[in-house]
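Got some structures for you, see below.
Shared chain: chain A. Partners: chain B in the first complex, chain C in the second.
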Partner chain A sequence: MVQDWRIVTLFIGSILVLGAIIGGPLVYAIMLSFYSAKSFVGELQWVGLANYAKAIQDPLFWHSFANGLMIALSAIFLQVVLGVGIALVLNRKFFGQSVVRAVSILPYFLPTVVACLIAQWILDPNYGLLKSLLSSLGIGIADWSSHAFTARGTIVLVSVWLWTPFVVTCVLAGLQTIPTQLYEAARVDGAGPWRQFWHITLPGLRSVLVVVILLRGIWMFNKFDLIWLLTKGGPLNQTETLPTLAYRKSFLEFNLGGGAAVATISFLILAGVMLIYLRLFPIDDTKQER
Partner chain B sequence: MTNHAERSSIGSQPAGEGRGRKSLRKAAAKIGLYAAVLAICVYSFFPIYWMMISSVRPMERLFLDSSLVFWPPDFASYTSLFQQTNYLVNFMNSVLMAVGTIAVSLVLSAFIAYGATRLRFRGKTTLVASMLFAYMFPPLMLAIPMAAAFRWAGLTDSLWGLLVAHLAISLPLAVWLLWGFFKAMPFDLEEAAMVDGCSQFEAFVKVVLPLSAPGLITVGIFSFLLSWADYVFALILIMSDQQKTLPVALASLLGAHDLRWGEVLAGASLIALPLFVIFIFCYRYFVAGLSAGALKG
Partner chain C sequence: MGIYIPGGKKAGTGLFGLTRRSFLASSAAIIGTGLAAPAVRAQSGVTLRFLNNETSAASQAALKNACDAYEAKTGVKIIIDSSPISGSMEKAMAAINAGQPYDLMTASFIATVLEFVHAGVLVPLTDMVKRYDWGRGAAWDYEGENWYYPFDYNLVMNYYRKDLYADKGLKVPETSDQFLENCRALTVLDGSNVDVGGCVVPLASDSATNWAAFGNMFAEGVELFDGEWNVALDQGENADRAARFLDLYAELYKTMPPGMNTVSFAQLMSLFATGKSAHTLYSGRLVEALEATNPELADKYGVFASPGSSGQKALSYAFDGFCVFKTPQSEEALKFLQWFVDEHYVEWLLSAWMNNHPSRMDIYEDERWKSHPMIQKHWDTMMTMKSFIESDDVVIKAIDTSGPAIDIRPCTVFNANVMPEMLQQKVLGNAASADCVTAAAQRIRSLI
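So, the complex of A and B:
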């Protein structure tokens, strides 16, 4: 078949645009990480691997890495547990099911900034709803943002509220693919709800969960806006993660090369973890490819 | 296993009493189910409700009163938001960004996805896989070099620069979703049109695109969401208040003037409003997109 030159031209043109706006910055980021730039307007100076060496010798880098990992892992764990739980409830038949399903996805629709503002409003130590609720019970609260544990907890809490609906939607779709005969057979064999969950539902959701955990893991590890909006890495770097560290270096300390190096290292770490994860849990794509 | 079988058979044997206990258990299960459903609704919706209700609370009572319902609503926070801040300008900036992102990413992703499913060339899988990879880049790995390059190109503090950034985050997802869509569409339809004398380009425009309207709508919604909600790139690429988009303008409102909670919550409600309208009308496309993007990954 002769291929239409217009299709070919438009395809190639679009690919070039896409390459320029994504590939371009990516290459430039890696390039910048080998240079020292004291400001955005100053001359670039080749420093080789010095930015990388400085980054990995900095205790704050490893502190941020550990923080990010801890926040990401706890957020993913809660998102998956809660997401599967909610999906199991929403998968039952009840009055108003479709409306409730829609309502349960609503948070996912909100911009991060809105969710963060709501959280800050409810948790405000002087005027927030939580404060007035607790003070009516005679309990006083402190400022959540001034303690490492509560600051991290708030970040995890808001992430869970915002992104659990993603897990719910995927798990609900996954639940539809489990044949109902399996449950009937299990019931005949006398398996209770708990056993049915462990031996039929969870294995049936395996391929969905593998993908969901991978995607959420990547997005949580890269999360910048939520943390910056809630805590700016504080108190005293207790919620600093690699993305906020890269931002701090580039845009508050005007150390572009250093920030680019941190971003590149965190990307390499992520890519490495992703490869190991995909080796451990290969995504079963044969069903979809046909 | 046998234990369970025995227990269940014993439980179901005594006729009258057993049936009563069974229906009791059924009722308990039903109550439990509805309690769980109610808990899910409150958990998902209450924070949003609290934001909206606080935004129409009279400002002098905002810090004192935590009643869940009251009447009448008071829009002083909204008028103050419009009078004292650049909210309308920022709103228009956000709209411009969203419209630009939707339009450009729809056109480009349609060409790319169509080419990737219908043209014969090497490295197709690599191309499509790299889309998935690209939408998982750390945002700062794109934002840092963009800030530097835009400084050099004179696009600092420019909405054009921000549009490029928004395209960079929306295009990979758009290509990925449309690719799945075009791949599922049988080639026979275009072939029939081409037998009737259409060129492949005409067949693409007149046959394929109209038939993929649901896919295009899904891509449009997700491009809108990404652009409308973006905080990272707007924070880094935009400096002046006049050029800010809503998320950044709103976040800086809280920082700049303390205790402006009334205005902040009014502004937050207004950001969410267009989303809720879209949500009501496009719910099914949204869910379709979510599962298409996630299950195929």
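So, the complex of A and C:
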């Protein structure tokens, strides 16, 4: 009973702390979205749903939504495909396996700002390493930041570099849980590597992949730091996403109500998509089987 | 009854002759003094908080020296919080909302000052400012008051390489066409790529582009607003002038090294200092950077104002200055600022000897300032800079000071990056100049 009391106390304490550091700002941001505010110290004016109406009528909002979706889906696809592939390789026994496993996760430890600076140093069209390398081969380098495709591609590639190790780690852990007897039985039945992967490995990784894609989806759709550091949403808003748009409105244009409305809509879209996703792909295997 | 001393004796008079009464009285006095000490200290001393955006080591040291001297003289302690310019407004706002407002701040964007004026958190400095003569536009007022004490201009000048001009037999351009020809002549190609740029003019959606990229536009006589605050950018002759500027920018862009879309303040300097561009745009800070990183080049540069097609010259600019917040200590903050501008203003200016281009005209006669070896070395440049702020021949204008008076509306245009995006539409979106101007004007109308 005493133990139950302690658990309840800890639970309530955690809820209070979370409420203060997450719930408070969330409620404040939602509240701001109903007001017109030119700065954090100015008078707030109630405008109801006007900020929402303005946001969804703004072509830049939908353009940013589409950009965010495109960048997130491309990055998640590459991260999962590469992550599963690398995990399968690292799951096999070979000399130096432990060292390679440790090295493969290193990019995940890099702070985003460091990764972005490294990427910029490599890709700088005037002084970059890639420029020097290509110049020595007599090849010119394009200005990656001035074209929509290369700017988006750079964001996707840097995110793949940074977060594929997360997928590798999760999948590697998932692979350890698949009984080896299943593979032995499949081999006896004449199943080749591809059929083993398709009928044993992939179903065995299902729960892990559902969670990984869910987390990566949330993180990529909400990704701000990497995009801001690399392109600031440019060129011509071609890498603008809802988080960067919300930041731009709030902290550059000081349209706090407009920024809060964009952030709130983004939150609602993400929450809706995640609910549908979990409905389609429940994490609990038993629910899936039912 | 005496005091019981463990291991000692029970004494009527106690150890060292203390009675219980005298011991309790002494203890109460000691405790009482201890509890009262903070209040006494609070009455005898004042602590001011200063948010400083000038983050070079020399400027921080100059400010700290001044604050230490003030504390030694008056007992008023000043805590300096040095923070980069980007994000300083958010920091100041957060401090106000947290109930811990700064007492003083250096301000670099007019938008920052006006937002604080609207919020009613600044103290006017009109009397302090009116004591001196100032360069053109430096001591601007808003609602009849001066809200900050200026210390410098950040004029955006065209820097050029005198040695390269001599090699190619070029002259300092009088018109935008001549400037374009000079840029073309100085461009070095590596295959189809620009290896050494004829010029660099920023293109990113940021404050560097807003600040630096529009000298030629102002030289064309473009106005964003008319006298009644109507958007004039796409109206009549203005539209043609703006389109002419965009055509010029598109041609100049072909002479620029790659990466203009991500170029910001630092790269504007580094591309020139490393020989990657024959021209660049910057304030006096570039001279300091050249002396620090490429002293040889510091003897080979020259400056000129941005020319228009008719020969009119113009410079874009920004200001820096000090603000005082309304706090319970505003009086003390004002006293400090008055003392600072009387006693340490020159040292402060010299901490960034070329970037802190004086806006207070008496400084140009101050021997302490004039005798600085670097001011002496670059005297001609400094006098050229002085001539820009004295002569009406050169237009001095900025995106955030456009319009008939100082106002938040052009600041909104600045913060929303409307004008940088107009440039991007032209050179990255390959849109017609007239369409870019129309789109920019419509965006301004939607914002203000």
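In this section, the second predicted complex is superposed on the first by the 268 of 290 C-alpha atoms of A that agree within 3 Å, B and C clash if a C-alpha of one lies under 4 Å from a C-alpha of the other, contacts with A are read in each partner's own complex, and residues count from 1 in each chain.
Criterion: a residue touches a chain if its C-beta (ideal position, glycine included) is under 8 Å from a C-beta of that chain, and two chains touch if they have at least 3 such contacts.
The model shown is predicted, which means the values in this text are computed figures rather than measured ones.
Chemist: Put chain B and chain C onto chain A via the superposition and say whether they clash or fit.
Modeler: The answer is clash.
Chemist: For the overlaid complexes, name the partner, chain B or chain C, with more touching residues on chain A.
Modeler: Of the two chains, more chain A residues are contacted by B.
Chemist: Applying the document's definition of touch, where does A:Ala186 land relative to chain B and chain C: first, second, both, or neither?
Modeler: After superposition on chain A, A:Ala186 lies in contact with neither partner.
Chemist: For A:Ser145, select first, second, both or neither according to whether it touches chain B, chain C, the two together, or no partner.
Modeler: second
Chemist: Classify the contacts of A:Ile7 with the two partner chains as first (chain B alone), second (chain C alone), both, or neither.
Modeler: first
Chemist: Touching A:Leu110, do we find chain B (first), chain C (second), both, or neither?
Modeler: It touches chain B, and chain C stays clear.
Chemist: With both complexes superposed on chain A, which partner does A:Phe251 reach: first (chain B), second (chain C), both or neither?
Modeler: both
Chemist: Just to be sure I read the superposition right, which of the two partners does A:Ala50 touch: chain B = first, chain C = second, or both, or neither?
Modeler: Neither chain B nor chain C is touched by A:Ala50.
Chemist: Quick check on the output: what are the common chain A residues between the chain B footprint and the chain C footprint?
Modeler: In the superposed arrangement, which is not itself an observed complex, chain A uses residues 40-41, 120, 124, 126-127, 251 for both chain B and chain C.
Chemist: How about chain A: which of its residues touch chain B in the complex?
Modeler: Where chain A meets chain B, its residues are 3-4, 6-8, 10-15, 17-18, 21-22, 24-26, 28-29, 32, 37, 40-41, 86, 89-90, 92, 94, 96, 100, 102-107, 109-122, 124, 126-127, 129, 132-133, 161, 165-166, 169-170, 173-174, 189-192, 195, 208, 211-212, 214-215, 218-219, 222, 224-225, 228-229, 242-243, 246-247, 250-251, 256, 259-260, 263-264, 266-267, 270, 283, 288.
Chemist: Enumerate the contact residues on chain B facing chain A in the complex.
Modeler: 1, 4-5, 7-8, 33-34, 36-37, 40-41, 43-45, 47-48, 50-51, 54, 62-63, 66, 107-109, 111-112, 114-116, 118-120, 127, 134, 136-142, 144-149, 151, 164, 167-168, 171-172, 175, 199-201, 204, 225, 228-229, 231-232, 235-236, 247-248, 250-251, 254, 261, 264-265, 268, 271-272, 275-276, 279, 283, 286-287, 290-291, 294-297
Chemist: Residue numbers of chain A touching chain C in their complex, please.
Modeler: Spelled out, the residues of chain A in touch with chain C are 38-42, 120, 124-127, 135, 138, 140-143, 145-147, 231-237, 251-254.
Chemist: Which part of chain C faces chain A closely enough to touch in the complex?
Modeler: On the chain C side, the touching residues are 90, 93-94, 96-97, 111, 115-116, 118-119, 121, 190-193, 204-206, 257-262, 271, 274, 276, 408, 412, 415-417, 421, 424-425, 428-429, 447.
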